[in-house]
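Quick one: this structure, given as structure tokens, is what I'll be asking you about.
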Amino acid sequence: MSTSASPVAAAQVIRPRGPSAFRRFARHRLAALSLVLILSLTLACIIVPPLLPFSDTEIDIMQRFAGPFTGPHLLGTDPLGRDTLARLLMAGRISLSVGFSAMAISMVIGIAVGLYAGFYGGRIGAILMRFVDAMLCFPSIFLLLAISAFLQPSVGSIIMLIAATSWMEVARLVEAQIRALRARDFAVAARAIGANDRRVMFRELLPNAVAPIVVAATLNVAHAILAESYISFLGYGIQPPTPSWGNMLENAQSYLTSAPWLAIIPGAAITLAVTGFNFIGDGLRDALDPRQEAR
Amino acid sequence: MEDGTVLDVRNFSVNFGILPAVRDVSFTLRPGETLALVGESGSGKSVTSLGILKLTPPVPFCRIEGQALLRTRKGAVVDLVQASAEEMRGLRGREAAMIFQEPMTSLNPVHPVGAQVGEALRFHQGLSKRAALAQAAELLDLVGIPDARRRLGAFPHELSGGMRQRVMIALALACEPVLLIADEPTTALDVTIQAQILELLQRLQQKTRMAVLFITHNLGVVAEIADRVMVMYAGRVVEQAPVRRLFHAPLMPYTRGLLRSVPRPDFSGAEQPPLEAIPGSVPDPLAPPPGCSFSPRCGHFSPGLCDSVAPPLTHAEPGHLVRCARWADVAGAA
Amino acid sequence: MGHGVRWLERKGDPSMNDHSTDRILAAPALRRRALLALGAGAGLAAAAPGFAPSAKAQPAQGMRKGQVVVGLSQEPTAFNPLMPGIEVDETIWMNVFDTLWYPMPDGSLVPSLATEVPSTGNGGISADGLRWRVKLRPGVTWHDGTAFTAEDVKYTLELIVAPGFKSRTRLGHALVRDIEVLGPHEIAWRMESAFAPYLAFLSNTYIVPKHLLAAASDPNTAPFNGAPVGTGAFRWDRRVPGDHIQLAANEKYFGKGPFLERAILKYVPDMTALYAQFRTGQVDAIIGTGIPANFVAEAEKLPGKRISKVSSGSLEVLMPNLGQPALSDKAVRQALYAGINKKGIIDVIFYGLHKPTESFAPQESWVYNADLPAHRFDLAAANAMLDKAGWARGANGLRAKDGVPLAFDISTTTGNALREQSQQLLLQDWSKMGVAAKVNNMPAAVIWGEFYVRSKFQTLLVGTGFRSGIDPDPSNRFASNAIPVKGGSGGNYMQWENAEADRIMVEAQATFDTARRKALYLRLQEIVRDELPILPIYQYVTAEGTKSNLMGYAPNINARQNTWNMREWYWA
Amino acid sequence: MSGYVVRRLGQSLVLLLMVSMIGFAILHLAPGGPLSQFAAGGDMTQEDLDRIAKELGLDRPLPVQYVEWLWRMLQGDWGRSYRDQQPVLQIIGSHIGATLELMLTSTLVAMMIGAWVGILGAIRRYSIFDSLATIGAMVALSIPTFWFGLVVIYVFSVGLEWLPAGNRYTIGDESLLDRLHHLIGPCMVLALVSTAVWSRYMRSSMLDVINQDYIRTARSKGLPERRILLNHAVRNALLPMITITGLHLPALLSGALVTETVFTWPGMGRLFLDSISYRDYPVVMGILVFTSVMVLAGSLIADLLYSVADPRMGAPG
Amino acid sequence: MSDSLLAVRDLRKYFPGPRQGILGKHATLKAVDGVSFDLARGEVLSLVGESGSGKSTVGRTVLRLDKPTDGSIRFDGQELAGLDDRGLRPFRRRMQLVFQDPYSSLNPKMRVEDIVGAPLEIHEPSLSRDARRQKVEDMLGLVGLLPSHAERYPHQFSGGQRQRLGIARALITHPELVVADEPVSALDVSVQAQVVTLMLALRRQLGLTILFISHDLAVVGYLSDRVAVMYLGRLVELAPTRALFTSPRHPYTEALLSAMPVPDPDAPRRRITLAGDMPSPLDPPSGCAFRSRCRYAEAACAATRPELREVAPGHFKACLRDDLSLIAPSMGVAA
């Protein structure tokens, strides 16, 4: 059989695409549920506060410590009589945006460092990765505490703080990915056709590391929300009167026996949101698993 | 079950959920006989071999149907498909053993090879640790591992690929099984090592009179080792014949294509004869073509005949089975 | 600040001590008559009646029974009483060591290692206030058995000013010259200038053993600092760092008591947890930072517990930085003051625990001016004041004058939930006055660093005191030469300068005439109330708790910790 | 092997140097200082503060302070605490016991429960148990540790009054039983995350292993399932857990820090928090170096254990 | 040969091996240890050997994907050995590589259009998008795929189709030299034949020069003009295909040929089974590296390392013994 005979035949059999990553993700029921949860939570934080009869900062001393489901305040009030629901949702805006922004910044730093170190290696790469190792040696709380002393607590600085302490894992991950991908045949092929470093890095390698990066990004959001609550718990968090889940929880500690809902509600919100992101990350990991994609 | 057969497989099917990996496979195997199971990747040959010993990967909804009758050393006949997990445990290793394609990964990296070889002996024959090790040393010696006694404590990573495959063979033959299933045992090896292993297997088979089901995709290996050959395509047996017959007078177009696509360099003339390839590729098992699954690639394709019903396996001659609606025409054309 | 009720006040928040360090306010002591009476040898017994709320009689001397576990929300770590320490460290010092004399709740000084409190009346202090002569108690021994002598006192006073020694403060001590040991139990010295508060300073100067410290190569790192030896009612026993310190009774204590075999000072770094342990009885007494305000009502109902609301010498004030253009305007400060809802803060946030006040002096002080104009929370009046002073509202409703916006940060240490609530009340009310205030809280170590001492804050919500030791002299906080950023030395971080106030403080410092001093300080309080270099909000009241059958506990506003008389505690 | 250890030690020293530099810089450049606690009190004058700062050497340029600190450190002098003047090593020594007690018990608990849950989850993949374990682990990983601590205290100490609300023991009653009783709460809190980590990794490690060819080989030998799981699967699945445990150490330390805070546990965590808010530089640096040594030693030991446990690693390098 | 496109002289490529002892030096892994050959324009030279022989390393080093440790690589008269990435770029379009693994050699995140068009993007940046697309579609047609395939992603293709894509990518800049590194060994037999046929057709059509790296003697014998046999980093025999298969001069070639399974049950089997495994390249035997497995080895073989020398016109071997009459295996004469 000659070459000319085979084209059509060869063309006939095209592999079906197989279930898309999206469908694989949707099949991960908990992840899909979590995505819905996070989306509704985000939407609620954006849409609902203006619709509520109470503002999150309005102090009403007469209404302090109203329990949930007992009066006009659906989730009760705090020690200054502010509406817990309004605060919870406004806090959600802050906590979620802290989570996302910190994630974005830490991803940029982590990817840049990891990409450089993974691609070029060499002395600078080694130094970068040793720096990453050194940063990872610290218990994260130390870094949070110590660096927080530099900053005037504000939403922006908390974001920077969290980003500054959470990019290392990403750098490590990206470095390992890039280093592994660099040795793969398609990267060699790119070099064989004369592609320059930039093209190899950004067009060939990085897109193939997207899956673990996306997963890490999701988990980083979860991490950032938790970190915000830890910083607040240690007293270095977002300043009042701006509510965040972390500082709501912090303020509730001394009322644990008299008004437990003040601690339970934001704590549950944190747990819920973080669990959500963790599950999404898990689902993404399954959906974007390179092993499933290889063939 | 016929007397004198070791294994009688009838209407054997393996399904992974909705995916039929192996459909309606039947064959028999006599002591001392080697049956080669040939096919390309995805043809179902490995699943067949694993399915017989129920070693298919732990995928949910894996269904095995049909019969696989095994005659044990003591003459009892057991249907492996129906056997309980407990019964299977008693049979595997003792009556039917298996060697695998990847000698690199098929041995447990954290145990010394001696212990791994001796393990089946200890379990099936109740040997003590010391006795099992002593026998393991003999087995390693038997499969041609130099300085076998010293190698008992070696870990798999300390051995070369060929040596590891020898260990696998020793491990499989420990309890002198009546049936050995060899699933592409030489594919991962270099040609010179492949030659060593094939020679070893043939020598051992002559010695033990065990029946061997040899799975491979390499027709050269088949020609060397097999008594009979069974060709599989897309989960089905498409042709079965004694080895000479299959190589000299194949009836199924797929078999013919396969044989012709092997390059046979000819140094008598100036130019090499053209190589004939089978066009296209193996169908997607989830969306098989209607009728004969080889029909889209077949040069003898006849519309209406080949793409309507799957042809049955027919006796073209005694001992020669073929699954093709047009086998008679094909034979004539050749 | 200690009243900040939070789980994590601990974290070793240095902020905790800010209010209470200043707790000792000089009380109506030092009146000539009182001193004469003491000089006449009224002795220790005079102290006893009145504040042992016990039905059961004190045990006989030498009878010792049981132990007490005192819960502290900070960990005592400095055991050399001359070296830097925070208020909680004094819990140890006052029980292991003795001073020459110490203050009683009524402000009178009671001799301890001295046999009498020197005064111009009894000849202990020369008429010009420059020559001091102190007679010491004979027969006192250190815990290691060595005899206590005048050499120890001399050594102590010299060590404080010794170069290279990290003494806590040399204030006052730096004036001491020519110390003479007149005999084993008599000592005299000369003062460089007359300094009335020194008597009060000495009531907080613990005498350390020369034979142990002088023997060490470097008194800064002497083993003594980790296992102090004193003359006090309790001996150092052992320390489990991070957890507790155990003191044992000093059987040879020269004074009354102790009636307990052991005293355990337990560090529970979380005030709510501390309260919980008090409630369950793991802790016998909560002293110092006390019970969080929101638990006081509940605590008062606990069976078998006694809650004492104890006035403290420190005040919660809003400290404006007069270096800020807007805040340098007196009218702004007055308007802000009128905009403080004191009642709201005290009654709602602190459950009415604290006392509203107008003065920098505690209400128990003998110089307290009760006739200062009373504060009225009146937003309309505050707005009127700002209008009148030319702070006009802009389009956004916020006020400004000559391009200077009426905007500032209000800072305090992070992690104090109740104070943060106060801040938010202030913000809400002030925003109605067109004042743009915003919260800028930072960790204690940052706030009390350069931010505070180099006057980098704008306004600070802080609990602190305004006097020198137990003397009412506030010049360290108000004198114009006490502004560090302007090259001065002291704690006038508000950068307040007032010529009349300066004059008053200088004069009051140099005279031993109590009546004259009182008159001067009354006037000073008027000036401060008018000028408002600090905006006083309330005087702290601490809710301390003890088990009901723990006898002898007696709050003392003039002591730095209410464990001051632990030697007299006993179990009923 | 020993060459490998020597090389790893060398790398660790470099890392340690970097850690100490980063730590020193962050700590000393941060605003505030060890004397601010005294400034807060107000009874020490500015002269007093300046004088003491000078005596502590805090007025010198930072690099000079660092080099001096490092030089002393290399000679084994970790300095003295600014707070209680005690040698730093002695201070760490008196706190480390409590922390180790907490970390070890919780790790033990986490290993036992986590490994069991992970193995069972992998064997019975997609079963209800597996789903519940997955959800449980995810939630456990998502709960803020301190909040969980508060809930434990609220439920078990305040509500049910089963457990003490804090402390390592009752003063006076320091019996084993009393100590165990006090250990339950914090151990539960600290073990929560570790258990989740263990169960997740164990599950995936186990899933990896049971799909390996050598498990199929073991089956083909006709071994009983139990023997296959214990002798072939679990043994191999546990190997990566050694590394995981090493890597988890910093997180565990962080967790211990928070847990100690909530349960007033007199360990390193609280010492650290106290020291850092007092800017007690020598102690903070001491703890940093100490924990870094612990972390590095942990990962080194993990690697060595791994190479001992996994014959493939027999001679790394 | 006169019209030499590629001239490789004494090529060496050493890799650092594992470290020896405490703080010891790295062992040297001599993957390629002094290899010389010429490749004439339009010729197919095959490099055969077992795994670990260094044949792939030769391919990659020749293409300067690896930097040679020593030696000379002259491509069309120009020395490549010392050039850096920038200097190599003009040569990249003239020499190309086809990979063994059709799965990992195509970037799974890129569409076929971008994969196959990438060389054009780099070497002809002035080309418009449409023109590039057109060239890609033409190329796809040439390798037997459809223009519409340009829209797809690699995972939508079968192994054989992917290998066609790899060939299309390699050929789109019309290179003169193609290094094919085991291009068919990962494929099923039926598909393997397709790709071999395609390569031969393209060679004819485009006048390609091919360095074909393989371990499969049947394929090699089928498509190459000359064959070079490698063992442990060195060439042991180099000869015209027919001469090599019919009258091998090196014992290793003999053993290799005899070990090759022949798909004919009636073929006579005179197998020479080699003892043992290939030695570790970290610690090769002294003298002739093959001597440890060679049945003709003498004492001299351990002492001297045989150099490649011409024993018949165009037939080179590296063996000390000239007295051997080696068996020509059956296959060469099979009808």
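When the chains are written out, they are named A, B, C, D and E in that same order, and each has its own residue count from 1.
Here is the rule we use: contacts are C-beta pairs under 8 Å (C-beta built on N, C-alpha and C of every residue); 3 or more make two chains touch, one makes a residue touch a chain.
Quick caveat, the model's predicted, so the values are computed rather than measured.
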Separate pieces, if any, that appear once chain E is removed in thought: one piece
Chain hops separating chain D from chain C, counting only touching neighbours: 1
Chain located farthest away, centre of chain E as origin (C-alpha): C
Pair of chains joined by the greatest number of C-beta pairs in contact: C-D
Chain C-chain E separation of Cα centroids, rounded to whole Å: 88
Centre distance in Å when chain A and chain D are each reduced to the mean of their C-alpha atoms: 24
Distance from chain E to chain B - Cα centre to Cα centre, in angstrom: 31
Averaged-CA centre spacing for the pair chain D and chain B, given as whole angstrom: 53
Shared interface positions of chain E, touching two or more other chains: 158, 160-161, 194, 197
Two or more partner chains touched - positions in chain C: 7-8, 11, 13, 442-443, 445-446
Touching two or more other chains - residue numbers and ranges from chain B: 274, 276-277, 279, 281-282
Sites on chain A touched by chain D in the complex: 30, 130-131, 133-143, 145-147, 149-150, 222, 226, 229-230, 233-234, 249, 253, 256-257, 260, 263-264, 267, 270-271, 274-275, 278-279, 282
Contacting residues of chain A [partner chain E, same complex]: 1-3, 6-7, 10-11, 13-18, 184-186, 188-196, 199, 203-204, 207-208, 210, 293-295
Complex contacts: residues of chain D adjacent to chain B: 126, 210-214, 216-225, 227, 231-232, 235-236, 239, 309-312, 314
Chain B residues within the chain D interface of the complex: 50, 53, 55, 57-58, 60, 85, 88-94, 97-98, 100, 102, 105-112, 116, 119-120, 123-124, 155, 157, 168, 171-172, 174
Chain C residues within the chain A interface of the complex: 5-8, 11, 13, 271-272, 292, 294, 298, 344, 348-349, 414-415, 417-418, 420-421, 423-425, 427-428, 439-443, 445-446
